[in-house]
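You will see two complexes here that share subunit A, one where it goes with subunit B and one where it goes with subunit C.
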Partner chain A sequence: MNISYYKAVKAERLKLKRSPVWLAFFALPMISAFFGTMNYKMNLGILKSEWFSLWSQHSLFLCYFFMPALIGTYCSYLWRLEHTHHNWNSFLTAPIPRFSLYLGKLTQAVQMAVLGNLWIFLLFYVCGRFAGIQSPFPAVAAEWFVCGVLGTVVICCVQLLLSLIIRSFAIPIGIALLGGILGLMITNRDHGLDYPYSIYCMGMRANNPDMTIDIPALVTNSLGYIFIFSFLTILYLHRKEIAAN
Partner chain B sequence: MITLKTEFQKIKRRKIGLTMAALTGIQFVWFLWATKNPDEKELTQGWLNLLYSLPLLNVIMMPTIMSVLASRLSDLEHKGNTYKQLRTLRRPGILYDAKVLCGFLFVAAICAAQILFLLVLGYCYHYTDTLYPHYYLSAFLLNLGCCFSLYLLQLNLSLLFFNQMIPLVVGLCGSLLGLILMFIKMYSFLPWGGFLSCTLVSMDWNVETRVVTYFYREHSAIELCAIGMVFIWIAIFYMTGRVAFTRKEV
Partner chain C sequence: MPKQNLVETHNLTKQYGSVRCVSSVNMQVPPGAVYGFLGPNGAGKSTTLKMILGLARPTDGTITLFGTPVNEHNRIKLLAQTGSLIESPSYYGHLTGEENLRIVQTLKGCSAKDIDEVLRIVRLDAARQKLVNHYSLGMKQRLGLAAALLGFPRLLILDEPTNGLDPAGIQEMRELIRSLPDAYGMTILVSSHLLGEIDQMADHVGIIRKGELVYQNALESLHSHAKSQIALRVSHTAIAMDLLRQDGIDISQEEDYLLFPMMDDSYVANLCRRLIAQNISLYRIEKREKSLEDIFLSLTGKETSL
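Right after this comes the complex of A and B.
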């Protein structure tokens, strides 16, 4: 399993070579950070919690609406490589278990999403210093990052399943955007941790950096969703005649 | 006309209408959620509130919805590698016009559905303020203009790039940009900020009493220019897109 997994990851990396898909994860957080910092600087009279205020400006819209859609775009791209031409035939006849093939895709998606999150935090730190915040960087941000990464993996699993089933490139992205918007409504009803698209925002404390959340529930729900959606994806890969277009 | 008919035949069973209905349906759910259990004050400015909320929701969602629509209409040509075959049968300019018109019909249907939904919602809640039909008609036309300009931009990108990730990411960036612009000014000359310029209602939020008061907006000269910019964008995107598509090497 280990060797086949590494082979699958290596194959996925080769497929993505020289593809500028990472640019999206670079650009979108930059827009959010730039305007978020500008808004923070313009409203210093109201926003007095320094790092926490800046974080809410940086992360609110990005985490609720755009990161799920961005992850959806990346996952759609990963499966699009197989959906076009006759690539399913070579993909499914590769001498590697389908479980490993799926893990190869998931690893790529998670890797990119984690790098995206790291970029968001790096921008947060740089913009905070640039905005003149003198207090030390909050240690609790490490917890936001870890919880955010868990939420990211959940979205990756959901989107990989959707993009596998739906051959269209764009529809899963639309679903991800809607998922994010519905997440806002569900979080307002205090069920944020039960819904796959809002676990990420809750983990990142996007709407309220002071908020205390039930970490064991977040971890349990995330692992549960990861297991369920991964299982469904692998089952679909095994059962369906995907190659027959 | 034949080419337009062919466009609709190509998208048969691709469930584009259903996709658009689902995406617009979420907006309706949002409206139902945001306007539920109105109090006395909210009932007195319900029609105004709906006109204020529609462009703000559109500024977030429409760039992405338009990118999905444009990508769906273009992707079948990329996947099937049909450009070469199609262009031997019809002139490329006509093919482009057919795609534009096909998308325009979807956009018009979405905008009409939005306004109809707001009217039904308002009548169901028995809002007590006066409904001015010409404001709703203007909102429909301006909304249509904004959506169509974004559709043209996205169509051009989707036709230009085989990798559909690029237009979709542009759509997402546009949504984020529009949302952020909303916090800066209520008008913008950028294509994604057109919804803000075309908002017909403004609001005043009293910090001390925490009461929101809506009123019909009187556009300044620069705001009217920003509205005009929406239609200039349509002309720019249409002309550049048509030229690029006609000259595209297949």
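Right after this comes the complex of A and C.
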């Protein structure tokens, strides 16, 4: 399995050469950070908690709207590579177990999501300094990051399943966007940890850095969703048939 | 002791809903053969090949590759010895030809040197750095064949590999396929809806019609079915027929013509004299060849398009 996994990851990396899709992960957090910082600077009268206040402005749109859609776009792109030009034929006749083929895709999606999160926190730090915050960078941000990464893996798993089943590029992205919006409503009703799209926002303490969350529940629910959606994707891949033209 | 077939199917069947696309196919591909899998469009060729490759699940029947019955546990091991090009070539258009082959080489785990070799075989060395989106259809088809050849597998499964090629490309592809068993010890299973193409490439043939394998044997054997006949049109068909039957000749009637097996010239000359002696007018006497096309059509049904 290990060799197959390595081959699958390497092949996926080769496929992504010259793909501009990563630019979205670079650009959208910048837009969010720019407007979040401007908002923070213009409302210093009421936003007095420095890093925490700045984070509330940075994270709201990013976590609820941008990140699920970004991950959705990336996952749609990963499967679009196989949905076009008869690539299912070569993808499924490669001498690699379908389980490993899925893990190859998941690894790419998670890798990009982790890099995206790192970029978000780097922007947060730079913008904080730019906004004149002198206090030390909050150590709790490390916890937000780790919980956030776990949340993004959940979204990756959901979106990989959707984009595998739905050939359209845009529909899964639309579902991700709706999922994020619905996540905001569900979080407001205190069920955020039960819903795959809002675990990320809860972990990142989006819009509410003072929020206390049940970490064991977040980890358990995340692992549960990762297992369920990965299982369904692998099952679908095993059952997938390529009909004659 | 007979050599073991590389591909064997037993009662292989595929049903989509109420439609039976492939029905109890018993295919046998001997080692080192170029097995032409021939049939009209929609006869079930691609579906059969997809079942062999694990891209479609059989409704019934079994598949044996390299003497081993295929199951979920050994599928990967058997696929590693197989190369395939199904329907249309698979490719990632934003990558170069070489990068596409690099992906396949990585997944197959074969030597990187194979990329140079297969590019040379399909004559794409000069275009290796070009994006595949800028390739012509023929170049994409050759790239697909190159990908199938990577690792020089024991079995190559090619589904209509000359589709979309120009006449020169078609001829080149046929010659290339024909050369592979001798050059690399491969066995080729190649499908086509063109009898002439299979006739040029294959040494074994399987003919499929409406999902059923209606003929399977060495191509030579199919050729032996091709035979010449003499066709005769006369003024009094019944009398002429009696005359021929008295000579013990196996005769049949097709429209206004009497058909009988090829005879030597002296018998035909003598027959003409006897017919004229009985005041029977001789309108036509023709030699008719029963071509491979006729045999193919009689096996696949004249109503189907080629």
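Following the convention adopted for this analysis, the second predicted complex is superposed on the first by the 241 of 245 C-alpha atoms of A that agree within 3 Å, B and C clash if a C-alpha of one lies under 4 Å from a C-alpha of the other, contacts with A are read in each partner's own complex, and residues count from 1 in each chain.
In this text, contacts are C-beta pairs under 8 Å (C-beta built on N, C-alpha and C of every residue); 3 or more make two chains touch, one makes a residue touch a chain.
Everything numeric in this text was worked out from a predicted model, so none of it was measured.
Undergrad: If subunit A is used to align the two complexes, do subunit B and subunit C fit next to each other or clash?
TA: After superposition on subunit A, subunit B vs subunit C: fit, no clash.
Undergrad: Which partner chains sit in contact with A:191 here, subunit B, subunit C, both or neither? Use first/second/both/neither.
TA: After superposition on chain A, A:191 lies in contact with neither partner.
Undergrad: So, A:15: does it touch subunit B (first), subunit C (second), both, or neither?
TA: Second partner only.
Undergrad: Based on the superposed arrangement, let me know which partner A:89 touches: subunit B (first), subunit C (second), both, or neither?
TA: After superposition on chain A, A:89 lies in contact with subunit C alone.
Undergrad: Answer with first, second, both or neither: which of subunit B and subunit C does A:24 touch in the superposed model?
TA: first
Undergrad: A:97 in the overlay: touching subunit B, subunit C, both, or neither? Say first, second, both or neither.
TA: Touch status of A:97: second partner only.
Undergrad: Look at A:7 in the shared chain and tell me whether it touches subunit B only, subunit C only, both, or neither; answer first, second, both or neither.
TA: It touches subunit C, and subunit B stays clear.
Undergrad: Angle at subunit A, subunit B to subunit C, CA centres, as a multiple of 10°?
TA: 90
Undergrad: Of the two partner chains, subunit B (first) and subunit C (second), which one does A:129 touch, if any: first, second, both, or neither?
TA: neither
Undergrad: Look across subunit B and subunit C in the superposition and give the shortest C-alpha distance you find, in Å.
TA: Minimum over all C-alpha pairs of subunit B and subunit C: 10 Å.
Undergrad: Name the residues of subunit A shared by its contacts with subunit B and its contacts with subunit C.
TA: 19, 84
Undergrad: Subunit A touches which residues of subunit B in the complex?
TA: It comes out as residues 14, 19, 22-23, 26, 29-30, 33, 60-61, 64-65, 67-68, 71-72, 75, 79, 163-165, 168-169, 172-173, 175-177, 179-180, 183-184.
Undergrad: Taking the touch rule as given, give the residues of subunit A at its contact with subunit B in the complex, in rising order.
TA: 19, 21, 23-24, 27-28, 31-32, 35-36, 38-39, 61-62, 65-66, 69-70, 73-74, 76-77, 80, 84, 168-171, 173-174, 177-178, 181-182, 185
Undergrad: Within the complex, which stretch of subunit C touches subunit A?
TA: Checking each residue of subunit C against subunit A gives 16, 21, 46-47, 50, 53-57, 76-77, 79-80, 82, 84, 86-95, 99, 102-104, 106-109, 147.
Undergrad: Spell out the part of subunit A that touches subunit C in their complex, as residue ranges.
TA: 3-4, 7-8, 10-11, 14-15, 17-19, 81, 84-97, 241-245
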